[in-house]
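Just below sit the structures, each encoded as structure tokens.
Same chain, two partners: chain A is paired with chain B first, then with chain C.
Let's look at the complex of A and B:
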């Protein structure tokens, strides 16, 4: 018993730094944010305004609903497309006998290690509408250049592509790990039963990937809702407000206009949205356990 | 033994943690903290040399805290709120959020011959709270190779300056008869757009700063002219509509003109070698005008080192002011230094200086309006409201009527009357 208490004490001591950091950098700011959301705090002073900030955002801010819809569309499309690309990469690179397989995996993973701002600056050059490399390639093969900066749809697609490029490596590693843990007997049994490659993929691989699929989609959706650095660097929310997503909009309200109370209310609304989202996705996730 | 080792390890980790959290303080001598933003590593080096020279002369250490320009005001606020030592800052303006902590500098202002109107004042103009250490302004730089290739002449003095309509015609000629892909780029900044508006005679505020012309019908013609220029021929839409960098675009050598700040002279002197370029007088529709940028010195009260801070500010103007201006590429904020020699491209600096001398009235008046007792009027609400709405119009989200309506509504909410005529 004494030994058990000692173990518990050491365990607590080892996790104490993490607890302290969590309280200092998450719990306290979160509570402060909640408090500020009921005030007109501007960084130096503020008065209690009740639910005025929430009412203003939800019912009087002409851009807020558009921002939410735009962000939701982005958060639905980007993680799914990203997952599919990562799945494809993982399947292609899962063969142990693949020549230069390790090199390929490292190259795909490198963007994950890069700072999002550095990635966005690099991509801004590649996708430069007037002097960018991609448009130069398109013109060289006889196609029209794409208006990556001035067309809302093109800018939206560009942001999705950059997001997929940035996160693809990390997701690929997660899927690869899960693929390797699928018991080969399942595939052998399916083969014996006459299942084709596609049928084995659909009836064995996909179900067994369910836990990791759920994790990737959940994390990807939350990350998409919170996306800021890449958007701010890549498009600055433009053209117009075509790529002004939620966090960038709150940043502008809070840090450019110093309406910190209003921005805090927006953060609380985002928190609720993400909470609902996580709950729904958790309920939908079932199966895929490996015994 | 194992237990002792574990205790030792925990203690070592705790010590590292405490040491990491501690501040490195020098208990000897006076230390001032100067917060600023720089445009390059080279410029940071110059600031380091500057404070090192001050230490050699006075024994007072000036610690520089460098932050990105976009984070500057946030950093100042957080330092003031958390009682971190900060004695002065180099900013682009006076953020009225922390107005209660700003130290009046009337005594320094009275000691020197500052160009009138560039200082920042509050309390009905009584307190001078921000002093320009050196001026920067907006000007025009041409890719002279393209102009010569097209056989189009450009002005060599203010007397020969074009109107904006004439300039547009000249740009068309250059595009048609040279390798130019676009006519011009203008930095995607409201600061540059305001210079453009001043050149059309649109100033921000009336004489007693109770009313504004922003959002009025006076803005319609210049804004429509500007929007029409963003046609992917005269000006690439990607700069003002997207996030394309106008400076990098001009450096490709495919753009005939660049409307930007004086900082481009030093930048292009170092980085542009593929083509020839030159500063020329900007076009104007009503009167020559430019907009000033900020190298504003502000200092803070309740630090216990207010006099030492003021002494350092005085030293900046007295040590070797011409050398300071030449080194940093600033225009003089004090009268009597108009014949300063810059170490390179002196003719280009002189063009910018001349633009500043003859075209600074509206800019100075505007800046006075933006800082004069605006504490309760929500200056931050109007910040960038013009550029935001112009961008929305460029993207087709709103009409020009809505641009003017949004701008005027924002200024009304900030406490100004929107005036219809000057």
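Let's look at the complex of A and C:
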């Protein structure tokens, strides 16, 4: 009995630091954020304003809906394109005829080591409108240079390209792991049945990759909704609002205009979006375990 | 068959080159004299190789200061994170109490509250604690990491309970069992977590941006942001600074390549 109490004490002591951190840096900010979202708090003082912040964002704010739509488009397109590129990389670099597979994988992984800021710097240098290598290349082969930093569509495309490039190596490694775990017998059996290369890919590889595909797409979508560091450094949300995504917009409201109440309401809406995405993720992951 | 081989190797070569090109381009550009950086037509290789840019970057910016701040944050965070998460993961895996499940669910739920969602109130808490413009204001909020706890818990689940039981019978205290027996057994997981943590903290952006407004406290990422955010970007300073900031991560990657690529295989996505 006494011994039991000792175990209990140690179990508690071992988890105590994490409990304190949870309360201090998650529970309190979460509750505080919810409270702020019903006030016009500006960092020093504030009054209760009910649902005004939510109503303002959803119905009266001139940019909010645009930001949501833009972020959603980004969060749908970027992960899908990124996945396709990573899948192509994984298939190509794991091909049995490739003589430098290991080196190739390491080299493709290298951009993943860059921080968001460093990769944004690299890309600004590469995509520079008047001095970048990409436009220089386009002009050399007789095409018009692209206005990467003054045309909204071009800037949006650039942000997507940067996302694909930055996450490609990481997702490739995830897919490679899954590819390796496909039993070779499956391919052998399909071969004996007379399946072509494409049929084998379609009926063996694709179904076997399903769980990791969902995982990559969902994680990509979630991180796209949280995107901040790269666009803050790469385009600063511009030109105009063309690449101002959700978190950057909330940062502007909360830290530059000091409308903390309004920004907190926006954060609560983001929280709900992430919660929905996460519940989809858990559902799919459970589904993935069964298959 | 050989045509296929040539085709595969050639396309892989092109793909790898395209993927790596941004890195190659910034690396080669950083060795060009400032006058050559914008000279049309652009050339891949510098005409006159120079390391002058690196010296200017070193002198022009408070590089060493930012480097030191970042290193302090990364190392201290990593040591504390590993220690705290190992303890917590061990407790969650090896003691069976209902309230521990509640703790576990609470810790996992923090994954739903990334800094991006709670940045305003989090900064208010950090301010109230007097940690604004203190490196500890960046370190402490990063220590309650659900991925890290989850990783360690999963690892300890694979260690059989009998080891602990027999140690108890021999009269070892709970603390001794943890420090003398469990920590050595968990070494592979601890190493993996430490590598991960170093990369997270070295590249972290949002929390340092919010907490460290005083230039003498900036990390490398914030210092770089300031260089690239300037009205007239001094590219001959920016490029070498960005590359220099990556050196520790490259060293870690070279030393622990197997672990880095292996971790992503097994626990990928939970970063």
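Throughout what follows, the second predicted complex is superposed on the first by the 247 of 291 C-alpha atoms of A that agree within 3 Å, B and C clash if a C-alpha of one lies under 4 Å from a C-alpha of the other, contacts with A are read in each partner's own complex, and residues count from 1 in each chain.
Here, a contact is a pair of C-beta atoms (placed from the backbone, for glycine too) under 8 Å apart; a residue touches a chain by one contact, two chains touch by 3 or more.
Only a predicted model underlies this, so the values are computations on that prediction, with no experimental measurement involved.
Once the two complexes are laid over each other on the shared chain, residue contacts for A:240 go to chain B alone; chain C is not touched. Within the superposed three-chain model, A:10 lies in touch with chain B and with chain C [touch as defined at top]. When the shared chain is aligned, chain C comes close enough to touch A:123, but chain B does not.
When the two complexes are overlaid, the chain among chain B and chain C that reaches more residues of chain A is C. By the document's definition of touching, of the two partners only chain B reaches A:42; chain C does not.
By the touch criterion stated above, A:168 is placed in contact with chain C alone, chain B being left untouched.
In the superposition on chain A, A:33 makes contact with chain C only, not with chain B. In the superposition on chain A, A:257 makes contact with chain B only, while chain C stays out of contact range. In the superposition on chain A, contact is made by A:131 with both chain B and chain C.
Residues 10, 17, 43, 124, 131, 233, 236, 255 of chain A contact both chain B in one complex and chain C in the other. The part of chain C that touches chain A in the complex is made up of residues 4-5, 8-9, 11-12, 15-16, 19-20, 22-23, 25-26, 29, 37-38, 40-42, 84-85, 87-88, 90-92, 95, 97, 100, 103, 106-107, 110-114, 116-122, 124-125, 129, 140-141, 143-144, 149, 174-175, 178, 199, 202-203, 205-206, 210, 221, 224-225, 228-229, 235, 238-239, 242-243, 245-246, 249-250, 253, 257, 261, 264-266, 268-269. Across the complex, chain B meets chain A through its residues 6, 10, 17, 74, 77, 81, 97-98, 100, 181-182, 232, 236-238, 241-245, 248-249, 252, 254, 380-381, 383-384, 391-392, 394-397. On the chain A side of its complex with chain C, the touching residues are 6-8, 10-11, 14-15, 17-19, 21-22, 24-30, 32-33, 36, 43, 88-89, 92-93, 95, 97-100, 104-111, 113-126, 131, 133, 136, 140, 165, 168-170, 173-174, 176-177, 215-216, 219, 226, 228-229, 232-233, 236, 247, 250-251, 254-255, 260, 263-264, 267, 270-271, 274-275, 278.
Taken together, the chain A residues at the contact with chain B in this complex read 10, 13, 17, 42-44, 124, 128-131, 147-150, 152, 155, 233-236, 238-242, 255-259.
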